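Encoded as structure tokens, the structure appears first; notes follow it.
Labels run A, B, C and D following the written order; every chain starts at residue 1.
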Amino acid sequence: MTLTLALAEKIIDGTRLYAAENNIKPLAVVVLDAGAHPVAFKREDKASLYRFDIAMAKAKGALGMGFNTRDIAEKAKNNPVFFASVTAINGIELALSPGGNLIKDANGNILGAIGISGDTGDNDELCAQAGIDAVAAQLENL
Amino acid sequence: MTLTLALAEKIIDGTRLYAAENNIKPLAVVVLDAGAHPVAFKREDKASLYRFDIAMAKAKGALGMGFNTRDIAEKAKNNPVFFASVTAINGIELALSPGGNLIKDANGNILGAIGISGDTGDNDELCAQAGIDAVAAQLENL
Amino acid sequence: MTLTLALAEKIIDGTRLYAAENNIKPLAVVVLDAGAHPVAFKREDKASLYRFDIAMAKAKGALGMGFNTRDIAEKAKNNPVFFASVTAINGIELALSPGGNLIKDANGNILGAIGISGDTGDNDELCAQAGIDAVAAQLENL
Amino acid sequence: MTLTLALAEKIIDGTRLYAAENNIKPLAVVVLDAGAHPVAFKREDKASLYRFDIAMAKAKGALGMGFNTRDIAEKAKNNPVFFASVTAINGIELALSPGGNLIKDANGNILGAIGISGDTGDNDELCAQAGIDAVAAQLENL
């Protein structure tokens, strides 16, 4: 299965709806396919300039390591020397903060990832999860 | 004036509507603000992987040189050595093909740029222009 | 569908069998998945050092542009200024020579690509095609 | 002596056999020659995307420093500032975790290195050693 543009847009819409309802700061939101290539991206007005790069690095990092960035950040606390060395490798992007979540179908196959930056890591992650939840029914049928 | 996400999305929608009506190949479309930072991006299903990078390089190139990429590509034909040297500069992205168009308000101020890749350069440019035309009334009032 | 390691190895074996039977020079052969990530790679003894990078660039280029590198090289002859500018974009790899071929299933969906460097571009391409032919029956059933 | 493709494949096969028998997570495995150039690479199905880069960085790091990555990571714990500065040098790849092991002949000459990523560093290293052990008799006679 590939993650279509239509699905990616619904995920981003779900994210932004949650953000609007919960008074979240302006977000940058990106959805990548399983190969870590961008499908759709939106930067809300007033989001600062690095938000795009950080959102990308969260989504790429989740796909690169195979875990949500919350879990990766947790591991990194116990092994900072390894993660410092890995993030210095040319081509590896990995923002060690919540807000990069894997998008999976009902069988656990990875379809892609969402990456968000703009508010706290915890809030970024709530928005990411809200986006994925908004297409839960469709992910079941993929 | 800044180019809002709402405006960027209308431009991309206008682009995609034109593409669908004219049997254009799957496109990658990006809208950048005046500082060459991404506001919105969409990659249509089946567009190949480098389309994102090429669309970005068209839009950045237009902003970087201050002309639509059609005009820059024309200049490059008469001075290939200079442009080969410029595009080799680290950090400079400039895809020498039509499809990167400046977005201006009624006074000629640059608000941003659209970059498109997926079909021929000529078709990419028609799509870019269609997207800008779709918000012509709004650009007049900015 | 994803391109499994088992399939990638059969493709590389088919390539090397053809090369051995046809007195081809030592090859570097890589198979990438649809997202342009390496699945398997082999460098035959005496293949020179850049062969790995060139084989990678052929396979990535085919996936990035959506055509076999023979077709891309043909287009590049008519538009050298554009292709010189594109290959200078950071992150884009695109070796303009035959030997980077798309791997598709029976429905035309792209599963990945094979990239080969070691002999002439024409011979590299014959080897690439031989590898894909070796799994033709499996590609039909994917 | 050079590390042949045939030998590299036996090392990778030995690694994968051990991994299959010990319920190890999907691995990326690379074997480099003494010049740190890739001889063979395999990524098992479901291994995440950065595993290739991390396996490469382990093998390159072992060759680059002249020790197995377990020993380098141990040194790094006592001198994190030096290793942070080294890994930030452009061109240096060095993943500070076990799983990058030197391949030596019976006289202690370095023939190359194996790098593995996919499971814990400890398990990656067990797999790396199993691969080298699988060709121990041949390494004696080189």
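Quick note on the criterion: contacts are C-beta pairs under 8 Å (C-beta built on N, C-alpha and C of every residue); 3 or more make two chains touch, one makes a residue touch a chain.
Predicted, not measured: the structure shown is a model, and the values here were computed from it.
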Neighbouring chains shared between chain A and chain D, ordered by label: C
Inter-chain centre distance, chain A versus chain B - centres from mean C-alpha coordinates, in Å: 26
Approximate Å spacing (C-alpha centroids) for the pair chain B, chain D: 44
Distance from the mean Cα position of chain C to that of chain A, given in whole angstrom: 31
Two or more partner chains touched - positions in chain D: 49
Chains grouped in pairs wherever the two touch, ordered by label: A-B, A-C, A-D, B-C, C-D
Residues on chain D engaged by chain A in the complex (per definition of touch): 47-50, 53-54, 57, 73, 76-77, 80, 83-84, 87-88, 90-91, 93-97, 121
Parts of chain A lying in touch with chain B, wherever the complex brings them together: 2, 4-5, 9, 30, 35, 37-45, 49, 52
Chain C residues touching chain A - in the complex, by the definition given at the top: 33-37
Contacting residues of chain A [partner chain D, same complex]: 35-36, 63-66, 79-82, 84-86, 88-92, 94
